[in-house]
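Please find the structures below.
Shared chain: chain A. Partners: chain B in the first complex, chain C in the second.
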Partner chain A sequence: MSAAAHGETRAVRIGKMLLRAALLGLFAFFIFGPLLNLLLWAFAERWYFPNKLPSQYGFTFWERVFNPRGNAMASLVTSVGIAVTTVIVCLAIAVPAGLALGRLQLRWRAAIMLVFLLPSAFPNLPVYVNIARVFYELKLAGTVPGVVLVHAAHGLVLAVWISAAAFASVDKALEEAARNLGAGAWRCFLTVTLPLAAPGIIAGGIFVFLESLDEFTGTFFVGVPDVQTLPLLMFNASMGGNYQIASITALLLLVPSVGFMLLVERFLKPNVMATLGR
Partner chain B sequence: MTSPPDQPPSRTNWAGMALVSPALLVIAIFFVFPLLASVVSAFQAKTGEWTLANFDKSFELYSGDVGYTVVIVAISTAVVGLLSVAIGGYLTLGTNPRAQAVLRWLYRWPLFIPFIVAGQVMRTFLAKNGLLNQLLIGSGILEPLAAQSYLDWRGIVLAFVWKQTPFVALMVAGAMAAIDPAHIEAARNLGAGRLRILFGIIIPQIRRTLMVGLVLSYVTMLSVLSVPLMINPNSPTMMTVDVAYRINAHGDYGVANALCLISLVLASVGAWFYLRHGVARKGVQ
Partner chain C sequence: MSADGSRRFAANVHGWLLVLPAAALLVLFTHYPTVATFLRSFFSTAKGARGSAFVGVDNYRQMIDDPIFWQVLSNNAYFALGTIPVSIGLALLMAIWVNGRIAGKGWLRLAYFTPTVLPMIAVANIWLFFYTPQYGLFEQVLSAFGVPAHNFLGSKDTVLTCLIIVAIWKEAGFFMIFYLAALQQMSPNLAEAAAIEGASRWHFFRRVTFPLLMPTTLFVLVNAIINSFRLVDHVVVMTRGGPDNASSLLLYYIYEVGFRYWDSAYAAALTMVLLALLALFAVGQFLFMDRKVHYR
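For the complex of A and B:
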């Protein structure tokens, strides 16, 4: 590298620096431009076409969204309620499965892991369409339990993978030490294995929570017309031309997603992400 | 993860199966069954007899949209792949640590942003008075009167690329970081340029990761409803919008499922690659 640098004149170096800065600036605009535009709409009182920027800013629409008796607050409560229930249902099923796949010797382990790979290799639209059809017969369409079931099934795959990886990373020697000191199998699991696997399981739980909070297609088919989650509210506002309400709702959905992205580096390094899905 | 070659004791095996079975049951009921139901329904008339009429109708009404979908998803996948390799390549081979740090901080932002929000964000960004046009006008590339909205196939591609690149780039950058630096150093000492190292040394070693990322992304884009619904709901549009329309406006599950089966065939090309490589990998470990 340095051999090349010696031969470079100052002009070439400055040119390279400018090019690098311009490319990075363009990329930054590509990433943040859309988000900035959303932010502008969230605070715009009035914005018509020839105007480059909103002609008036304000909080009128925020007051409407955060009105305790408004649609948006009701949707937020519905969304969070569904997401929390989904996490509980999902982990109750995924943690035992993860324990078995990550810790126990299973005869058909490879085949079972393959089954949990399948859902991400197929489009989910046909799945939602036909679940909605069955749920309609079972009177589950348009109900919160129906939506929770769809979200839980969707989140299960990721939750199983992550908890299997979490249990697999627990050091067996620690369990053996506990057993040698006289702890029973249950006690050993509750006081050694589970606490050590907990960070991974919590990460899986957060993933499932976010997936459920953001889920659109399944709710669109199964939840109509009675279950209105935040993404559906946002969609309806946007299609109705109310960009302010849509943008504020979008911001509400953005905050947990971006927060999680910033936090996730602590427990999911790129090299771990690279192994997901294999 | 190790899987010992010797057979596990059957008691452990049964306990393990008991722990896994609820999860398997959920996959069977909420994934396998609806998929099979979709395939069966595609070949059934409303009265229940077997027919190919749904496919005739699908091709008659929507063959244009099938092509439109394939083109959009193919372009998006290609661009995501190119950008991911460029980002990963610069993070691995770049010579300016500060620029690398900025890039590393920049590229992940849309990672967990849901498609529906990406749709809304792009609806504002690509509109006639959106910030993209203002940048183009401000920098003199575009006449103010020539400003147009980009909310057509270009909008869908941009939304897909914006949302999917961080995911694939994260996988690719992770795989590139795991390459033995000695390989790169050796090539450098032999006088290979950076592009040559990227294409000759690095990409062959991360090809599999790149492909898995692109296939997952391809299948996801094929079945996203919210982005085309928000950016370009009018004809020509993507097949997912047609599926929703057949069901919501006509209650026509036959044609909807025929369209689903067509997209399933498109996806299975990708799924075949994915599973083949996934299993091959599991076999090696």
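For the complex of A and C:
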């Protein structure tokens, strides 16, 4: 290879490297810039124009949020309580349905799947408005059970899908082996099928938990004014111009989400994800 | 009935009983309200002493003459076209990148996931701060490069693009999860075989990886389309459809008609249009999911 050609490739290589670095920088700013801004607001004590950055940092607003008698802590408790109840209700209903749809040779399975698939396309807002009207008559509006029911209906579609996929991915031969060794249908389900499908079902439960924790529109229409979850608290703080409280609440919401996301990576195996929606 | 037939019948009954609670909840909470909305769209809104009356397709006729409806629809189409290709492309790029052997892979994945797991309402707040004139980091970085100050959310020309960027930020990571799962299922033998044959990386991607990812791409595409018509939190928090309806999307317009102008009948008719669009995409997904997209 001649020296000139070698020099040219080196120049090209450096140019490529610079381009790649610039793209990476842009990409990093795109992903992290907004989050950095959020962090600034969470710790800003004073921030007036024309200061580029907050003129004073501190924890005053954190103290206000974490005050045990403050409404932020009460919202957190309400949010987590609603989310846990929603997961229990949802899984109790979704696991049997998932077993039937993922495992049994059902007649009209396609039609049933369509019933379960369509709601994922429904716009939530008009649905919530109608539910709010019905709940108002049933005296469920503004109550925790009302909000749980709305969240459960919302999370159910995904929970059924994921548990159907999880049951479908369990190897039938293992069940047959258990039956051949004399296990009854119920015992076979409890000791073979369910444990093998458990990672997928747990992942589904985690998704439902997160959806419930983050849900805003449904809670807004059904829960107001008596049920205040964290997203509602954040919305009110932000609309009231209280950026610090809003930022801290957003950070609070981020903690369980990221934690559970890490768990999902463990539980949700690629072969389950790949059968989703099939 | 033969013994075999009756056993099959019993199995079916078992199955349906298992499905019943889930189906009942869904019918009660999503299908029934939707049917109620459909019926309502043929009646007038009750005003004062005058009750609601059957008006046929009047609400739909009103829609054709409503300039805001058409503007909102075109806004939404623009929003979808701006969001979908970029977020899917980015998702694929990130998935391939994270799937490779690079240092700090775990952290990189976490960084991509973060926007996805944040609730939309929080995302909207974060970007509201980011875009804020003068204080916002976005403006500050731009001014460091000599770009003049500009109220991005307050200008008709830029506001929709701002919302598109927010949606891409939120969704690309979510789609990446599905691509990543599909990539991890792919046999490494394929890449080895291609390397032995001397295929370039680009050639391998175009002829092997991309076709194999087709089912995932379709799944992601349909979800992206549906999401672009279903998301509304960011509009509520960041712009409220303004300025001058420049950032109003169909779902936000429905909310405005129903809750600012209290015209529930017209809102119901608008809802049916949105629903028809979404149902079309969902049915398309259902029909195409198992066929045609698989690599053979």
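In this section, the second predicted complex is superposed on the first by the 250 of 278 C-alpha atoms of A that agree within 3 Å, B and C clash if a C-alpha of one lies under 4 Å from a C-alpha of the other, contacts with A are read in each partner's own complex, and residues count from 1 in each chain.
Methods note: a residue touches a chain if its C-beta (ideal position, glycine included) is under 8 Å from a C-beta of that chain, and two chains touch if they have at least 3 such contacts.
Just so it is clear, the model here is predicted, and its values are computed rather than measured.
Enquirer: So, on chain A, is it clash or fit between chain B and chain C?
Expert: Clash.
Enquirer: Between chain B (first) and chain C (second), which does A:A168 come into contact with in this model arrangement: first, second, both, or neither?
Expert: Only chain B; A:A168 stays clear of chain C.
Enquirer: Between chain B (first) and chain C (second), which does A:N180 come into contact with in this model arrangement: first, second, both, or neither?
Expert: neither
Enquirer: Mind working out whether A:L24 is in touch with chain B, chain C, both or neither, as first, second, both or neither?
Expert: First partner only.
Enquirer: Looking at the overlay, what does A:G102 touch: chain B (first), chain C (second), both, or neither?
Expert: In the superposition, A:G102 touches chain B alone.
Enquirer: Of the two partner chains, chain B (first) and chain C (second), which one does A:M234 touch, if any: first, second, both, or neither?
Expert: both
Enquirer: Considering only the touch criterion stated at the top, classify A:P119 as touching first (chain B), second (chain C), both, or neither.
Expert: Both chain B and chain C are touched by A:P119.
Enquirer: Under the contact rule defined above, give the chain A residues that sit at the interface with chain B and also at the interface with chain C.
Expert: 29-38, 40-41, 47, 49-50, 52, 93-94, 96-97, 99-101, 104-107, 112-127, 129-131, 134, 149-150, 152-153, 156-157, 160, 210, 214-217, 231, 234-235, 238-239, 243, 246-247, 250, 253-254, 257-258, 260-261, 270-271, 273-274, 277-278
Enquirer: Which positions of chain C touch chain A when the two form their complex?
Expert: 11-12, 14-16, 18-19, 21-23, 25-34, 36-37, 109-122, 125-130, 134-138, 140-141, 169, 177-178, 181-182, 184-185, 215-216, 219, 226, 229-230, 232-233, 237, 251, 254-255, 258, 267-268, 271, 274-275, 278-279, 281-282, 285-286, 289-290
Enquirer: Tell me, which parts of chain B touch chain A in their complex?
Expert: Listed in rising order, the residues of chain B that touch chain A are 1, 3-4, 7-9, 12-13, 15-17, 19-20, 22-24, 26-27, 29-31, 34-35, 37-38, 41, 95-96, 99, 102-103, 106-125, 128-132, 134-135, 162, 170-171, 173-175, 177-178, 188, 209, 212, 215-216, 219, 222-226, 229-230, 240, 243-244, 247, 253, 256-257, 260-261, 263-264, 267-268, 270-271, 274-275, 278-279, 281-282.
Enquirer: Please output the residues of chain A touching chain B within their complex, sorted ascending.
Expert: Chain A residues touching chain B: 1, 20, 24, 27-38, 40-41, 47-52, 93-94, 96-97, 99-102, 104-107, 109-110, 112-131, 133-134, 149-150, 152-153, 156-157, 160, 164-165, 168, 210, 214-217, 220-221, 231, 234-235, 238-239, 243, 246-247, 250, 253-254, 257-258, 260-261, 264, 269-274, 277-278.
Enquirer: Please give the residue numbers of chain A that touch chain C in the complex, ascending.
Expert: 29-38, 40-41, 47, 49-50, 52, 93-94, 96-97, 99-101, 104-107, 112-127, 129-131, 134, 149-150, 152-153, 156-157, 160, 210, 213-217, 231, 234-235, 238-239, 243, 246-247, 249-250, 253-254, 257-258, 260-262, 265, 268, 270-271, 273-274, 276-278
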